[in-house]
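Two complexes follow with chain A in common, the first pairing it with chain B and the second with chain C.
Entry: the complex of A and B
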């Protein structure tokens, strides 16, 4: 078997071993995650493997297959140039399929005054970009991919991995964040153009600090600005769809989610620009109980 | 870095062996156990041992995940029972679902995927119709696959429930009809043991022999460590419970034509897991056992499949076991023309 390189990373409550047949993706990860603390005692929850799709693909048109403790049978390989993306996808996959210590919501989250704002929706809704933008404007970034809902306390724990900016969001963030915080540009990935952004320092320093969920938004980009009420049953069903481990957690997941839906105010929010969204959010936030 | 799965074997066989492990070795052990679907068994096995905090949390996750899997498997079995309420024949649960339904140690922490049941061959059309009526649907609507299953396999083409998304395999015997041994399926159903809910599980000796047939007379030994761990636990449990178990096991193996497979299973289970055996019936070793061990342990500390050549050899063997050469050629040719990898 081919030799593997490896590094250990801790993001929020989860720790990973990333093993790779190539050095490059690990060097990129090490640089971008340099401010993150190492896993205590070098213990990890998951292993991610980046391997050649076929043995000769280590050298010739290198092609990265994403594997690990948890894996999908039909995961398409990525070119080595997108190895960093493969590592990030591998970590997401471990969380989505293997994490059981929280209910995972496919959502972004930010915190202010010890209260968390959670934004969920289909890809393209702008939830990731909004969280990145708010993180530069006085909010604490908690995560752009998964919001971790505690099964006991009902609090949201951060999972502040690198922010994955796509297409237009890259240019928008380049205007307000220092160039040194950006990862390499990856063009024409399966998700379009992608560039990773290191979250602000406070997000990393406080990545073990949970916050009480105070508002849930379903943002939708590209529609005239409007706020709408949503029924609890609709919210519940959409969150079961937005959760990767709701079914796997059984009754514990059901209890956590019903409590969340009962207690957290919800709005559907249409918007056409991030400035517009920010103003709407500021207004909603000021009127929270 | 571990080059094979011995770390896992040691942990299962002797739980105290995990206490000196450092974090790096725990990471490797966890990857190997997850890859071999033995993480739940490992978690239960080392529950009273000193384990680093994060490894303990991973193991606790596995225990909870498998508790839920157990509940879902029993629920699925009950759904099948209700769908077949009007069917008068015996419905025998098989494999993992049978172990949990019969409360056997082999069911503790075991991963369970599909629901496997066995009914009399002549009743297949009735059972199939009742299941289709209750919401199960065909997974493989391909006519070649469908015909292949019906003519040559030991089970119906797999069905999946359209609401619960769970598969059921309806067997009428335990090995493909094209395989060498021809187990006596009728005898298996005749001697099956009734559970409280009216479903059946196979009698102890048959239950062990089914697991053995599945591992050594069918398939390419993928998931073999898990299967052999089942066999080890079943042997330990039944032999402790009934002093005539060993004699019965050998008697049934003769009826089912599985004597060579049984001997192989006993040797390997003892060699890897130290299964206590009936000394009077112990036979020597076989040179080929080492080749099996090599295949069974082909997993490194990253959780990767290793020993590609050995794996491939067992893959080829699995096809030889299942089909006569001419039939195999025809099968692979048809599959190749369809542009897919042969999966049966």
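Entry: the complex of A and C
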């Protein structure tokens, strides 16, 4: 095994060590995460390793295998040009499979007036893009991938990683965010074209500040604008599906999720443009108790 | 002999009502069950007793003032078999 480079990152409550056989992805991470604090005492929750698929492939058509404390045996290696994506996917994987201090919901979240808006849904629902867009319009960005639901207080803790923009969302955000906040564009990845966006400064400065969940939305992009009620049973089932660690948390997860479903107002929201969604969200927000 | 059934111990279960369904968290298995009527009512009237399907049907009729009909015992029996498949009810032997 050759020399490994490494970088330590703290994102919300989680601290990571990213170790890599190559410098390039770490240099990109260091630049994009330059405003984030280092873990207090050098201790980390998870290690992500980016290693050559085979030792000789460090140099010849280098291909990045994602490893770490938790890993999936069938995770396909990525070309070195997508090393930054590999690091981000590796961090997500560690959280999804290993985090036990919160109930993890696969959802984006933003905050205003100390209240959190949580958006969950299938890939392509627009939850990530909506959180990125709202973060440029007066909301505090809390995360585009995981909302961390406290098992005790019921509050949502931020996990404001880089915002992972896909396909059309890249162009949309380039119109409203400064070019200096963007990472390299990676084309034809397993998830399409991807470009990372550094969250606004306030998101990083206040990444330890939780917020009370005040509204849960199930956005769905590409349908005529409509808001629909959802039954609590359906919401509960959808959230267990959206959680990566509900089963692992046992009784604590059950209690946290039932409390969340009982207390947080929910709407299904169809929309055809982010402007439309923003107007619907603004209206819903103004009518919250 | 007619088959008797016993519900999982109350201490092993956490009940939570949602709109149209009842959630039951089963502590020993760590599994969350989502039950529709009348399964929650069947479990409720069983309390800690070993009972036959006929006895449970009679308790349901008395508790919920449901009109007894010839099918009620069959319905209860079908739910008991489903609940035992989930580990929420056990067949009592001996």
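Couple of notes before you dig in:
We adopt the following convention: the second predicted complex is superposed on the first by the 289 of 289 C-alpha atoms of A that agree within 3 Å, B and C clash if a C-alpha of one lies under 4 Å from a C-alpha of the other, contacts with A are read in each partner's own complex, and residues count from 1 in each chain.
Note that a residue touches a chain if its C-beta (ideal position, glycine included) is under 8 Å from a C-beta of that chain, and two chains touch if they have at least 3 such contacts.
This is a predicted model, so every value here is computed, not measured.
By the touch criterion defined above, A:101 reaches chain B but does not reach chain C.
In the superposition on chain A, A:174 makes contact with neither chain B nor chain C.
Once the two complexes are overlaid on the shared chain, A:276 sits clear of chain B and of chain C alike.
Judged by the touch definition given at the top, the superposed model places A:236 against chain C, while chain B stays out of reach. Legend: residue contacts after superposition of the two complexes on their common chain; A:250 is shown touching both chain B and chain C. By the touch criterion defined above, A:28 lies against neither chain B nor chain C after alignment on the C-alpha atoms of chain A. Once the two complexes are overlaid on the shared chain, A:69 sits against chain B while remaining clear of chain C. When chain A is checked against chain B and against chain C, the one touching more of its residues turns out to be B.
Judged by the touch definition given at the top, the superposed model places A:49 against chain B, while chain C stays out of reach. When the two complexes are superposed on chain A, the residues of chain A that touch both chain B and chain C are 250. Across the complex, chain B meets chain A through its residues 1, 23-24, 26-27, 30-31, 34-35, 52-55, 57-58, 61, 64-65, 68, 71, 300, 302-304, 306. By the touch criterion given at the top, residues 231-233, 236-237, 240, 247, 250-251, 254-255, 258, 261 of chain A touch chain C in their complex.
Contact residues of chain A toward chain B in the complex are 1, 4, 15, 17, 19, 39-45, 47, 49, 51, 67-70, 98, 100-101, 248-250. Interface of chain C with chain A (complex): residues 14, 16, 18-21, 23, 25, 27, 30, 32, 34.
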